[in-house]
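In the two assemblies presented below, chain A is common to both, partnered first by chain B and then by chain C.
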Partner chain A sequence: MSATAAALAEPPVSPLGAKKAIGLETIGMTKIFGSMVALGDVSIKVKPGSFHALLGENGAGKSTLVKCIMGFYQPTRGSVLIDGRETEISNPKVARDVGIGMVYQHFTLVPSLTATENLVIARADVPSVIDWKKEKKSLDALFDRMPFRVPLDVPVSSLAAGEKQKLEILKQLYLDQRFLILDEPTSVLTPGEADEILGLLKTMTDAGDLTILMISHKFREVTAFADEFSVLRKGEYMGGGVTANVSVAEMSRMMIGDMKLRERAARKTFEKQPVVLDLAGICAEDDEGLPAVDAVNLKIRAGEIVGIAGVSGNGQSELIETLTGQRDLTSGRFFVKDQPYEPSREKMAKFKVFGLPEEPLKNACVRRMTVAENLAFRSFDQPPISKRRGFLSPGPMRAKAKELIAAYRVKTPGPDEPIENLSGGNVQRAVLARELSTQVEVLIVANPCFGLDFASIAEIRSQIMDQRNGGAAVLLVSEDLDEILELSDRVAVMSEGRIDYVAPIGETDRATIGQAMAGHH
Partner chain B sequence: MADTAAPANGFALAETIDRFRRSSEFVVIPVLALIASGLLFSIFLLLVGKSPVEFFSLVWRGGFGTAFSWQNTLVRASPLILTALCVAIPARLGMTVIGGEGALVLGGFAAAAIAIPMTSWASPFVVMPVMFLAAAIAGAFWIGAVGWLRHYRGINETISSLLLFYIAVSILNFFVEGALRDPSDPNKPSTAPIGAENMIGPIPGTSVHWGLAAGIVACILVWILMNRTTFGFAARVTGGNVRAAQGQGLPVGRLVVISCALAGACAGLAGYFEVAAIHGKANASLIAGYGFTGILVSFLARHNPLAIVPVAILLGGIAASGGLVQRRMDLPDATVLVLQGLMFVVLLVSETMYGRLAIFKPKGA
Partner chain C sequence: MDDAGLSTVLFAMIAGAIRVSTPFLFVSLGECLTEKSGRINLGLEGTLVFGAMSAYAISYETGSPWLGVLVAGFAGMMFGALHGYICKLPKVNDIAIGIALMLFGTGLAFFFGKAYIQPAAPRLPSIPLGWWSDNPQIRQVMDVNPLFLVGAVLAVAMWWAFKNTRLGLVVRTTGDSAPAALALGVNVNLVRFLATAAGGFLAGVGGSFLSLFYPGSWTEGLSSGQGLMAVALVIFSRWNPLACFGAALLFGAAGALGPALQSIGISRGYHFFNAAPYLMTLAIMILSISPKRSLKGAPGELSITK
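Right after this comes the complex of A and B.
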């Protein structure tokens, strides 16, 4: 390691191309959690200078595999070959020293620092006194050779999601990593941003400067950018090959076998239905106290999905938070069935208001509590879990959890597992099970399909449609325009905190919505 | 790894073993922390030229060796149990309240202050419950205010509870040296005595007062509250993730204030027993540091109400042996405080060990 240490001691601005892309192989990688085999004997080979996609349904073991490579987890068995030589990676620091970097699905930058500061402190050899002028100069020099730029002098918190993700990748390049692992890198990006970033990375792999192993659920990206792919299913290697030679249908069969995708429920037509959810003049502020939601008026009828489209950061999440009780209103009122509504537990239960927030682990779960407990958040104060007022019975709680786990096919070692150990997609399923397992009259949904595999996406969208057909009023916020167009009965566009454009789905199109998103209509 | 080769039948057993491994972590790490702090303290003793062996054998004799020392230990353990609860309950909501001493002082003072005007006319059957309630309410109000400030005004509960401790001490001094001072007592500024008939006696057959029983009952009740009631469940959700709690419409502010008030009531009761079972009046002797040692107890017990009892007894024993150590080894009174401080630091360090030691991980992890 002394050689790499010496290499790092020099300012890490070695021009791209001096070092070469790294090739990596796993041999018989196995990881067992308790009695659950998360990864069984997986051998994959990623050639130097290739763009390799790792596919698999939720809980297939993709994240576990890359965490074993990164030294985050110690594999139960198996080894890693780097450029053909067996290398023991006992922790992420070792991975960094041999040139393997990872970009996580969630941001790891320090929000209050600028891009420059974030980059410099990420280095292994941060000097105790930093000469910022010099660092900035060398960064500028480095960025001239980089495929994309981000503003260097503003706090990261004020960057847009796409810029943050670029910065995460730039950080790895700045650290001169020659093997990049990307875990669902585009789930927070618009298709345009995703294409830009992946396209630029692709030119680097083609030049032989970099190797990329990307976990993705999006076939569009895989076929457009990946040279090769590998598929995992239930922790096992199912095969792989050259992307150009294999059809998407073939890939999806490798991922889920011959399982039938859930048919989308047909859209039931309703006669004139009553208004169920009424947002009257809603205003709210963001975390800095600046106006974020500006006098939003919206009426949603029973059996109707209203989709709110918009570029992220235009007040959609603040609007959702006011409805779920996570943010105070500065003015305005909600009505459900013409009665005043505020998000208290009693009213939620009375009016059957449920929600699927984005990033469920952050917004709707307690990491350290078990799956069973997390599944009981809605029902713990009602029979059968609470038979006598105020008391709680663990028996019925576990029984109910087992039922929901089976019905919604949540992949977990058991009801007593802390929910943070579930794969991203399975956390989402657990929340879905909790929120949709009883009768729903109002459903508030935000980006429900982030990070889900295509089978789960089909499943969740039909669940939402089922709720609509069952007479629920659904408010859907999504950054995925396709999702909005597919599910909504009416489309509303949110821009700078206002909703000025609402149209029935039949009377609008992509271009009109796009214009409204940009603030013209 | 045998169970991976033949998974089907080994699962139930493997699952039990895993669960045991994970929970044993919560016992083994604090015990190791205790041992490590004992070793560090031995080095300290060697440096000042004393024998660690003699020290620990004296602690054993002074704290646990005889029936007499056991009783002494238990008398000291009972306020520790109650003040530890004052830390453990808010900890479930993710709060670090360190001002239990303030609630103890104020609870003890309130009990004495309300009893004194009543002694002349009311029977002990009235005075005793009134004192009990007054102490609980005073403590509840004091720490409840900490919760209120935290939730509705965003004021850090650790700082505010510490500052409120100083205010509680000032309130005690103000009255004890002023309006409520007993002029017939020449030594220490104190309130008038509450009268022997209003004192709560020892548990029959012992010299240990009822505060111990009250503390144990309180621990069991708090355990039930936190693990078997909807209130406790909601509190755990709130402590684990406020956003999730809000999204479920849980009354976060109410949970915070009520939990803090309950915590304060426990510490206030510790003050009641100090007055009604030991001192017989309120004075500066109430400020004996039980509230601060209670913080250590709760952390050592990992805020588990049932573990608080044995841990409080252990620390009560160490405190009880202080006098013996002082006399025999010619060490200052503060020596056991050094030991306690070391324990606390080592314990906080050991907090970072959870999930890191391979033996506790489920197999293969």
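Right after this comes the complex of A and C.
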């Protein structure tokens, strides 16, 4: 037993006795939403003390399965066995009491509460009056044994995404849970952070203190940390096995069947293309009114992808928001083809500026409107949807939506489903369908593959490449350096709101970019 | 204005702050609690008026003003509970229900209150906290109603409880993120129902102050929108009970400006100065909004911020 794991076996706060890792089994789990079978008769077995990976493409039903286990959803049919005994889990509180904890795909921390408050309130035995001194002391004691820390006394809303994710996991360890479900825990972490956290969890499963069921799209993590895996496809169990005995190629075949991955189009070479998008001295402030983007100058030519690399929180989101019209400039100007450009609806249409912002459900959709309506955001005020001024025809809108849903393979029960009911990956596809289905001159993309399965990633990256080859000027912001290196013609690095390093892809390498990201160059 | 006049006005405003602020304080604390749990109850204006009427009626019928206060509180709780219950039904908007209950509460109060406009009911006593001074002005200012003190203590207690008790954290969690509360196994609807009912209780008590202490009789124009202004006051106070107390004092003082000026013979613009609290509400709303950021401290589940 490693030192960390030994320390965790005796938590200072809630000594619930020497509990051991829990084994869990689902029998014939089925969940039907309306007319749609999200989960059909899924039986998986997770052995005590194992690190189990749950794989599947976007919308395969992974989140639905674990939410049914947690009692967050009531399964239509099926049951859960815990250590071989059938156990009814009617709500998340029951799950917590039997020792099952979950880190959800979307954060479940309370934004206005501090980390300390969030941790304490999650406990089963919160005293009516809380002695903060005592709680802080025991938290400090717990955190001293952890390989990483998070700020404890500021509201969680002011933490970076990576810190929130660490806090979510720390919360489960603090609660001393013996079966941990992680829904894409590393999508907001850097590879280094991910290794740190998963490494810690792995020592605990190896010691037999903890069982882990992890949903992940990253094969690197699955092969490095998971002992066993199960695969879902279209709501059904496709098989599983011991990770060490199965190749990545075999796993991906189980996930998507024999569907061919879309081939990446070759990079077309262009000569002497005109500048299309020009960012001239862009400055902007963050929500607190502090400078976030500091005099950014960047010129992007037609048929060129400029990738902006950087550690998250260095002003990339703010820069994108100024371009999409979500944030005011404090100074500077945009030009498209040498004409001044402000992100208004008319100018976007006139200059054919399109975008895939990060967190599309929040930044590019209206959650409660239907898929068809969301797909019509660019075109609802033009014929054929609006033939006469001000009047919409739902028929053409739905027809257009059906066409886009088919062309971009958006998995949805139908065009009239509220878009918030789609799985994360399918929301992304829907936005992509809307933004790329007409001619594009300027494309602004931020973290486009966040949370997507490998097939969708291949699809989206080749779509972006197609747009470039078609002559669009593409600005790509990504926290994934591999993505930048794969797609960009030129790489820019953003650090503390500034872009001081720009280089053609052929004249730079990972190490140089890494240094620039850390602020040295 | 000479020195004596100025000090008269100041004293009158301080006295006003203490006297007039109590209903503001109770309603805003009640609304603060409700909004912290993630719902807005605009019906508190109606609750306030109904509380005033029922307190007056009970005091008149039984001779005990304190019983009146209690009954007003329970009547308010019923209104809060009604709001809380209706809002948990699907596809219901809390603001619309609030407006409906506001009209319902005032209407019901006018209906039952017709008989009590004339008779005089026993009023709440005051505590002479100014005994140490010979200055009659100071003695008058320090004639404090017990409810004011209760409200002040309550503000501090709520501020403390939101930070330091399980109940306080559960209410804040529910108001800030329903999914997070669900993941903790909290019954979101129940918490909101109870918070709205408790908020209604406080608003009812605030109403009893109007009819039983200051102005001290039951008339139909008694509240003149104080319940609604208290809602604005909660936003101004950034959902902080201590700030609610300060803001209530400020509104009380503004409300006393007109009569105070009149008492030293400045009657020009009397109605204008009487409108001071309303103008202040408007000014605060304009100053505290920003197109760039959402309100700081606003509970994330409120239908206005969501």
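Note that in this section the second predicted complex is superposed on the first by the 488 of 521 C-alpha atoms of A that agree within 3 Å, B and C clash if a C-alpha of one lies under 4 Å from a C-alpha of the other, contacts with A are read in each partner's own complex, and residues count from 1 in each chain.
Keep this in mind: contacts are C-beta pairs under 8 Å (C-beta built on N, C-alpha and C of every residue); 3 or more make two chains touch, one makes a residue touch a chain.
On a predicted model such as this, the values are computed, not experimentally measured, just so you know.
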Three-chain arrangement built on chain A, chain B and chain C clash or fit: clash
Chain B versus chain C as contact partner of A:Gly34, first or second or both or neither: first
Chain A residues touched - chain C or chain B, whichever exceeds: B
Touched partner set for A:Arg96, first chain B, second chain C, both or neither: second
Partner chain(s) touched by A:Asp328 [first = chain B, second = chain C, both, neither]: second
Which superposed partner A:Lys272 touches (first chain B, second chain C, both, neither): neither
Partner chain in contact with A:Lys362 - chain B first, chain C second, else both or neither: first
Partner chain(s) touched by A:Ser344 [first = chain B, second = chain C, both, neither]: first
First (chain B), second (chain C), both or neither touched by A:Lys260: neither
Colliding stretch - chain C into chain B, listed as 94-102, 148-156, 202-210 or 238-246: 94-102
Where chain A meets both chain C and chain B, residue numbers: none
Residue numbers on chain A that touch chain B, as the complex places them: 31-35, 37, 73-74, 76, 324-326, 343-348, 355, 357, 362-369, 373, 376-378, 380-381, 386, 390-392, 394, 414, 416
Chain B - residues contacting chain A, complex: 1, 3-4, 7, 10-11, 14-15, 18-19, 227-234, 236-237, 240-241, 243-244, 246-251, 362-365
In the complex with chain A, residue positions of chain C that touch it: 164-167, 169-170, 172-173, 176-177, 179-185, 292-293, 297, 299-300
For the chain A and chain C complex, residues of the former touching the latter: 72, 91-94, 96, 102, 104, 106-113, 117, 120-122, 126-130, 132, 287, 328
